[in-house]
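The following block contains the structure, expressed as structure tokens.
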Amino acid sequence: MTGRHRDKVQASVEDALAPLFDGAAIMVGGFGLCGNAEALIAGVVDRGVRDLHLISNNAGNMGKGLAAWLRAGIVAEVTCTYLGNNEDLHAAMREGTVKINVVPQGTFVERIRAAGAGVAAFYTPTGVGTVVAEGKETREFKGRTFLLEEALPADFALIRCRRADRFGNARFWRTARNFSPLMATAAGTTILEADELVELGELEPDDVHLPGIFVHRVLEVTEHEDPFEYRTVRARAGEAS
Amino acid sequence: MTGRHRDKVQASVEDALAPLFDGAAIMVGGFGLCGNAEALIAGVVDRGVRDLHLISNNAGNMGKGLAAWLRAGIVAEVTCTYLGNNEDLHAAMREGTVKINVVPQGTFVERIRAAGAGVAAFYTPTGVGTVVAEGKETREFKGRTFLLEEALPADFALIRCRRADRFGNARFWRTARNFSPLMATAAGTTILEADELVELGELEPDDVHLPGIFVHRVLEVTEHEDPFEYRTVRARAGEAS
Amino acid sequence: MAWSKQQMAERAAQEIGAGSIVNLGIGLPTMVADYLPEGQDVWFHTENGLLGMGPFPFEGDEDPQLINAGKQTVTVVPGGSFFDSATSFAMIRGGHVDLAILGAMQVAQNGDLANWSIPGGRTMGIGGAMDLASGAKRILVLTQHVTKQGEPKLLEACDFPLTACGCVDRVITDLAVLDVADGGFALVELAPGVSLDEVRAKTGAPLRA
Amino acid sequence: MAWSKQQMAERAAQEIGAGSIVNLGIGLPTMVADYLPEGQDVWFHTENGLLGMGPFPFEGDEDPQLINAGKQTVTVVPGGSFFDSATSFAMIRGGHVDLAILGAMQVAQNGDLANWSIPGGRTMGIGGAMDLASGAKRILVLTQHVTKQGEPKLLEACDFPLTACGCVDRVITDLAVLDVADGGFALVELAPGVSLDEVRAKTGAPLRA
């Protein structure tokens, strides 16, 4: 009868990742290398689990982030939306060592949200008439054709936030929010890597981006690399410009 | 080619409600009398439109709020989730003057969200085996039965917020948020009644509850009645309790 | 002697595990919060958009924009959060609420629940009842054992419109605690001084004991 | 003389109405923002979770957690807002984005767009392309008129995998501006010094002029 909403704070990466198991489906937040749960991602390789189904928008890039999982050979399947210049993912695809499912990004996140919200499936216009529609039901509503897409749940979600409290209430920073709050809802166990852990009540209740109901384990990690993928700038042309 | 995302600020209730038309489907935010767009709601009666399809959780209460629309006889149909002690709505139901659709609250808001998010329909477990399922498709996913529910759009949404800027970015206060941010996404024209209008940039971009993309007209209204439905309190028993 | 409403609420509070998320229905279930021990990390969810609902405000602190689903003024505890209704029902429908404590008009031995409409009576509407009944992980019903007219509320089958099928896990009445298991009612506990015969007589379905 | 990339971007900027919400695809479309007149209340959306995207940051102000969908460091303008990906794609899929300016590998005369995968080539993935192509209210394609090998990109039918069916409204190339209307390409404007004959010769489908 004791629920999972107490004693969530973890002492170490090892503790936080203890429930992982071989063959697990694991969602990982972040858009490329932006907003990655860096300590948890690195910790999974050390944890020694394998045959994972990785569900993440990009599965790493530039040899960093989730690319480490591909290099370690612990991934059996990837569901993502974009490969880009992720050479490790291209190599895995070329060599056929990993099954790769490429999904439209809006469908990807809506399937994740559906899993978290108890919705079994939904009809979307995205992908109608494309390879994405192969083998799927289509149906007309009000004269337009839609595609049936099913919920995408996972066993675990590994996400990163800027600030959190011990209940798992979380705030994200800028575009580091992306898929993370949705993934948290869709996983059996959500593990949160917070840059800073604050006291209950320090987060303004109107401004909690992710309520703690969706979080099961919280780990404070104060140091992050946060690499740039494309550092684009403009020149300063005096104070006024 | 000029879009709708400039010059949104309205000088008066009349100006804000100018686009309304007879027979329109109008969503109105608020949970009972909590978080009502009081000036806009009152203004619709003066505006002189009729045969409205009102989509709102409660359609007023205690003769206040949307009850005024029922009393004015300008409503042809109500889609709501709860009648409670709304005597005006019970009278309309008894007399058969208004068609009343009662919908489970989670299905109500998910249908509204679907309309705003371009999702035509979705499968929910709520209502399976009940009168709500009559005439609707059911389907099994992973051994559980789900009900197909379609998106619920509207011509207009009338919503209330605590603070907004001229683009329509909005912040809500406490439980006054409820259905409003979803209704804003599902309406052809969303009209926002803000307690306070602030300059662009004054709302912290991580803490905008409703981005202005979903808002088309903004009206500042500084005075509100904000009636209590059930004022429940506890006695003060000294400082410590 | 049958349990009072307060005693029923106190008994129901024992069903709330530490570290769980709980939604309390309107009426009698709302009282359950008063009987929780401190420090249990129990979080109350109210479907109009608040997780971490606290007790009624002190007089003078009422905020008309801070209410529960019964439209009563409430407070927020440290660590609470507000959110929109779509998120709130995602919590319910998605199975994130551990326990819902609901009232009932009728409960059937297969766990069917009827609690929103009496045929020919005044329809109060559905509100969040159907979502809670089908979405929460565990459903506890808190109700008088019989109606004001003395009719059994625990039945072989409901004849009122259903809220959800097969959803009820346990029932706490003024007379007893009963589980719904293996297609029937099973006695868990009798109120002090209440006999099994009395409970059987007032239950409209077989009762395993 | 054909338009340069800068001139194409400048021409595309004229397609952006005041007070509109615009999503710019990766690559050439990103340049369009540089050619907008001031004070137009145009809001740039980037699908990784930002409405009100501003220009690249000044050197030293880069934030690795403030990027666009091309993963370039950007800024936020006053009135901008950040949100999660589900909300971001609700904006796109729900028809709230007025205009998407996208690159293309092929465009068919019925408006079909192919811009994500070359058969036998390196698959870059779909990203937000399919949602944008089917969800934005208006689709403007910005592309060279022919491939690096000189093959037409505007065709009777696409033979590359589609991004979306019948979605393209207008195409701006280095040679011309063309509408997709009534099942075919229609000339809107020629680049200075480019002849209709040249455009016809480099277009793999009939061209109304």
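Chains here go by letter, A, B, C and D, matching the order in which they are written, and residues are numbered from 1 within each.
As a convention for this text, a residue touches a chain if its C-beta (ideal position, glycine included) is under 8 Å from a C-beta of that chain, and two chains touch if they have at least 3 such contacts.
All values reported here derive from a predicted model rather than from experimental measurement.
K.L.:
Quick check: more C-beta contact pairs at A-D or at B-D?
P.N.:
More C-beta contacts join the chains of A-D.
K.L.:
From chain A, which chain is the farthest off, judged by mean CA positions?
P.N.:
The chain farthest from chain A, judged by C-alpha centres, is C.
K.L.:
Roughly how far is chain B from chain C, going centre to centre by Cα mean, in whole Å?
P.N.:
28
K.L.:
Between chain A and chain B, tell me the centre distance in angstrom, where each centre is the average of that chain's C-alpha atoms.
P.N.:
Inter-chain centre distance comes to 32 Å.
K.L.:
Compute the distance, rounded to whole Å, between the mean C-alpha positions of chain B and chain D.
P.N.:
Using C-alpha averages as centres, the distance is 35 Å.
K.L.:
Where in chain B do residues touch two or more of the other chains?
P.N.:
If we look for residues of chain B contacting two or more partner chains, we find 110, 113, 117-119, 124-125, 172-174, 205-206, 209.
K.L.:
If you look at chain C, which of its residues touch at least two other chains?
P.N.:
Each of 76, 82-83, 86, 89, 92-93, 135 in chain C touches at least two other chains.
K.L.:
Please give all chain pairs that are in touch with each other.
P.N.:
Listed in label order, the chain pairs in contact are A-B, A-C, A-D, B-C, B-D.
K.L.:
Which bits of chain B are touching chain C when the two form their complex?
P.N.:
Contacts found on chain B: 31-35, 61, 80-84, 90, 93, 102-107, 109-110, 112-113, 124-132, 172-182, 209, 226-236.
K.L.:
Quick one: which bits of chain A touch chain C in the complex? Just the residue numbers, please.
P.N.:
Its residues touching chain C are 1-7, 113, 115-119, 165-167, 169, 185, 199-201, 203, 205-206, 208, 211-214.
K.L.:
Give the list of chain A residues in touch with chain B in this complex.
P.N.:
110, 114, 117-125, 139, 141-142, 144, 146, 150-151, 171-174, 177, 205-207, 209
K.L.:
Would you tell me which residues of chain D are touching chain A in their complex?
P.N.:
Per the stated touch rule, the residues are 46-50, 55-74, 76, 82-86, 89, 92-93, 112, 122-131, 134-135, 161-165.
K.L.:
Okay, in this complex, where on chain C does chain A touch?
P.N.:
Result: residues 15, 17-21, 40-41, 43, 45, 51-52, 76, 78-83, 86-87, 89-98, 135 of chain C touch chain A.
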